[in-house]
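The same chain A turns up in both complexes below, where it pairs with chain B and then with chain C.
The block that comes next holds the complex of A and B.
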C-alpha cells in the first residue's frame, strides 16, 4: 500500500522512540550491576569491564528492602482492588443513568485533580491520626483509593459507554434485575476495562512517595519508594544498591504494565473519550 | 420499561418503595466513591484552604491565629512567587507541548498495522510504569558528566561546548526535569490518542481516498476533527497534573541553581516541609487552585465550541 521509503521512515522513527524509552532503563540496570570500585572510574562506559550482582545480594539480604517490597505489594494490590470496584460502580451510574446532581459530581471529581496534594497532607494527617490510621498500611490504602478513584471513574465510564445498552435491557426484559444483568451480562464484557483500570491504579499506588513518606514514619509500615529514599539520605549514598533496589522494584510494575497496556488502548477506543 | 411496570402496579405503598429504590439506584452506585472522595479529599481541601487564612507554622505553638488576607498580600510582594509562576508556565507549556507532539507522532505510527507492533507498543509505553522520583534520580545520574553518558551525547551533537552537567547551569537547568518529564509522560498521550485514532471508522478514510484526498488532506479533514475532543480533555488533565507535580524538580534540582527551576508546586513543597510554614504554603496552593480552575474552564469552553461545530 505504501512505498518502501515510507517504511524506512516509519521503522526509523519508531526505533528512535524505543531507544529513548529504554535507554534510561538500560542505564539503571547497568549501574546496578557495576561493582563499586568501577562505579566512577568506568562511569561513562556503556558496559562495565566486570559485572557483579553483589548489589542485589546486599539489598535482598542486608536491608529492609524485602519488607518494603512486601508492604508495597499489599498496599498497591488492595488499592487497585478497591479503586476498581468503587470506580466500576460509579462509572456504571455515570454511563447508564441520568440523575440530579450528576453534573455537580463530575465537577467535584475534576476539582480533586486540580490542587497540589501537598496542601492536604497536614489535614489528612490530623484526620487519620486519631483513628490509628497513620503508620498503618490500611491508612495508605484508604488515602490512595480516594486519590485514584476520580480518574478511575472516568476510565470505567468510558468502558461502559462502549457496551451497548440494549444488552442489559434485553436481559431485564427477560426478568433479570438490573444488578443481575450487570453481573451476568455486562461484567464479563468489561473485563478488559477492569484489567486496564487495575493496572493504572496499581502503577500509580506503586509509585506514590509523598503520602507514604508523610503518613508512615515507622520502618514496619514503609513502602518501597520511602525505602529507596532511605538509600539517598544515608550518610554515604550507595548508588549501586539503590539502583539494584530500583530495578527490583521496577520488575513487577513493568511486567504488569507490559501486559495490560493494550487493554487500556482497547477499552478507551470503545468508550466516551471520542467525545 | 421498569417504570412502565410501576405505573401499572396497583399497590401504592409497595410501588412507592420501589420507586424510591429505583430513584436511589444511581446514587447507591456512586456512594462508595463519593464518600471516600469527600472524606479524604474534599474535607481536607476545605481545612487546607482555611489554613491559608491562618498564621500556621508547624512546631511553633505561638502560631495559629486567623490573619485574614495577610498571606495573599505577602504572595503579591513575594519575588520568589512571581519567579516560580513564570517557571511554572515555561515548565508546563514546554512539557505538555513536547509530550503532546511526540505522543501524537507515536500514536500515528502505532495506528498502522506492521510487523512487531504489539511488542514495540509495549516497550515504548514502559516509562509510564516507572515511579517518577526513581526516574528523576536516574536522569540526574545520566546528566552527570562523571557517571552519565548524556553530556557527551550533547557535546557530540554540538549542543554543548564541553561535557557539563546541565542541571548546574542556571540558564538551562530546567531542561533536565523537562526531559525526564517528557520521557515519562509520552505514553499517556500516546495511549489516549491511539485509542481515539482507533475509534475512527476506517470506511471514512477509504471514501476520502477514493475521492482523491491526499494523506495530508485526510489528516486535516478527518483525523484532526475526530481527535479534537480527546485532545482537549487529555491536554487539560495533563496540564493540571504537570503543573502540580513537584517530585522530578525536588529530586533533580531542589529548585536550584539559584531558584532557576523553582516552580510553584516545588515552592509550595519547600514552604511546607522545609520551612514548616503550612499557612503560607496553603495560601500559595489556593492561588494555584484558582489559576488552574480558570484554565480548565477556559479549555472546557473551547472544547464545547469545537463540539458544537461538528
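The block that comes next holds the complex of A and C.
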C-alpha cells in the first residue's frame, strides 16, 4: 500500500487535468444558457442566476445553422466512409503484399502530410473551380478524403499488421479465395481498426475550417465551422447563439463516438500493445 | 487421398536461394517428415506444396495433377499451423466447419463430419467455445479437427507441436500418429525436432541448406547416415565425431584415434585421415587395460542410464549406458566398439565412406 499522500497527489493531478480539459466545454454550455441581458453583467459567474434556452431556439429557428449542420453531417459521414474504404484497401496492400514501388508510394503518402494546408489552398481552389467543385459539398468530400487517406492508410496498416498472416493462409487452405478470407476472417478482426479510422476521419472532417471557408463561400454549401463564424458580425459577436450552435455541433460527434467507443478502446489499446 | 510428386523444385527469395533442386515422391497414405535446422528450406517446401508460395522452377503434382499454378483453395490440402491459426471470432464448431461451409456442404453432412471429428479428438464439450477460452493443447486439437473434418487429399503440418510444453507434445505426437494410422492420410510433417521425426515418420527427409541430404526410414537414417550432417542431426545424445586415421597393420586395416586402435575396417578402405562416427550407446565401457584407453571427464545420470563424457587421446567423446557404473571423474576406463557399429566419413566432403 502506498501512503495516502501519494493518492491525494495522484488524484489531485488527474483532477487538475480533467478540469483544465473540460472547463472550456463547461463554459461553452454555460454561456449558451445565459440570457443575453446577463451575459455581460454576470460574465464571470460560474453559473448564471437565470437560465434560458432562447439561444437554442434562435439558432434552430432563425439562423442557417440547421443547414450548415446538415451539410457537415453529409460531408463528414461521406468523408469518413470513403477514407476508411480507401485506407482499408491501401493498408491491407501495404501490410500483406510486396510490390514494385511500395517504398516510393509510402514516401509520397508521407510527403502529402508535410505541407501546411495553407500552402495548398490556392492550387486546390484553382484545380476545383473549373471542375465546378467549389461551393459544393462534393468538392469538400473529395478534398477531405484525399487529405485524410494517407494517415488513415498507416493507421489501418498497423491494424492489419497486428493480425497474423497465418489466419488468412489457414482460410485459403480451407478453400477460401484471398478476397473471401479478407471478408470473412480478416474484416471481422479489423473492426476495431475500422472504428478508430472512422472516428478519426469523421472528427477531422467535422471540425475542418480552412478548406470549408476557402472553397465554399455560398451559404448553401457551408459547413458548421464556417457557420459559427457567421455569428461574428462587424459590430458584435453573438456569443450566446454561437455557443448554443457549438453545443449542438458536439452532439453528432458524441453520438458517433458512443456507437464506436467499444471498438475504439479495443482498437487503440490493441494497436498500442502490438506497436 | 493422393500421392505428391515433387520434381526439380527451386525457390529463391530475391538473390537468396532457399531450395536448390528438390526431388521427392510421397506415396499415397505415407507419413513423411521433413526435418532440418531452421533455414534449411523445409517450411518453404511445405508452403510450396500448399500453394502459399509460388514455385520458381520445377513441378509439383498432387494425385497426378500439376498444381504449380493452382491457388491454395483449389489444391484440397489441409494444413495445421504452428500458431494453430484458429479464427479468433469463431467458435470451435465454426472453426472446424468453415471449410465445409465454404464448399456449401449440406448441413447434415457438416454435422456428421463435425461429430466424428470432435469425438475423435475429445472436443465434444468445447464445441461452442471461442479459441481464446481454450488451452494450448485444446487449440492444437481444434486445429487438427479443422483439418480432418475435410477429408482432404493430404495433410500438411508446419511444426504443429512447437508451441506445446514437453509433456503435451509427447501426447499429441502419439495422437497424431494414431490419427494417421486410423485415417491413412498422406501427411507431410515439418519439424526441427529429430525426436518427432524419428517417432512419427514412415520416411524422414533430412534437409540442410536447401538440399535433401537423405531420405529413408528412421532406422535407415539412424544406422546408415549418408553424411556428417545427417549423422549429427539424428540421434540424441548426438553421434560422436572423432578425428581418426585408417591404417594398414599386421592384422589388416583398422581405424585409430591417436595411438589407440578402435576397430577393424574392411581391407578395401583407403588409408588416410577420416572422421569416425560413434553412436554413444554403441560404445561398450570395459575395465582399464581392455580396448582403447580413455579417462572419465564427467558423468551425467539421466535416470534411464548415464551419459559418460570421456577424453580419448585429447578428443571429447560421449557414451551412453543403461548400466549404473560407479565411475568418477579422472578414472581410467577402456572402451570397445563392436564391428559394424560405427561410420566413417570423408573429412573434406563429410560424405559417408564404405565400411
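Rule of thumb we're sticking to: the second predicted complex is superposed on the first by the 243 of 275 C-alpha atoms of A that agree within 3 Å, B and C clash if a C-alpha of one lies under 4 Å from a C-alpha of the other, contacts with A are read in each partner's own complex, and residues count from 1 in each chain.
Throughout what follows, a contact is a pair of C-beta atoms (placed from the backbone, for glycine too) under 8 Å apart; a residue touches a chain by one contact, two chains touch by 3 or more.
Treat the numbers as computed from the prediction; the structure is a model and nothing was measured.
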Partner chain(s) touched by A:87 [first = chain B, second = chain C, both, neither]: first
Touched partner set for A:13, first chain B, second chain C, both or neither: first
Which of chain B and chain C A:164 touches, first, second, both or neither: second
First, second, both or neither for A:188, with chain B first and chain C second: second
Contacts of A:239 with chain B and chain C, given as first, second, both or neither: first
Which of chain B and chain C A:175 touches, first, second, both or neither: second
Contacts of A:220 with chain B and chain C, given as first, second, both or neither: neither
Partner chain(s) touched by A:131 [first = chain B, second = chain C, both, neither]: neither
Chain B and chain C footprints on chain A, overlapping residues: 169, 172-173, 178
Residue ranges of chain A touching chain B (in the complex, touch as defined): 7, 10-11, 13-14, 17-18, 20-22, 24-25, 27-28, 31, 39-40, 43-44, 46, 85-87, 89-90, 92-94, 96-97, 99, 102, 105, 108-124, 126-127, 142-143, 145-147, 149-151, 153, 169, 172-173, 178, 203, 206-207, 209-210, 225, 228-229, 232, 239, 242-243, 246, 249-250, 253-254, 256-259, 261-262, 264-270, 273-275
Residue ranges of chain B touching chain A (in the complex, touch as defined): 1-2, 25-27, 29-30, 32-34, 36-37, 39-45, 47-49, 51, 58, 102, 105-106, 109, 112, 114, 118, 120-135, 137-139, 141-142, 145-149, 152, 183, 186-187, 191-192, 194-196, 198-199, 226, 229-230, 233, 237, 240-241, 244, 246-247, 264-265, 268-269, 272-273, 278, 281-282, 285-286, 288-289, 292-293, 296, 307
Interface residues, chain A side, partner chain C - complex: 164, 166-167, 169-178, 180, 185, 188-189
Chain A-facing residues of chain C, complex: 50-52, 71-73, 76-79, 81, 83, 85-89, 98-99, 102-103, 146, 150, 156
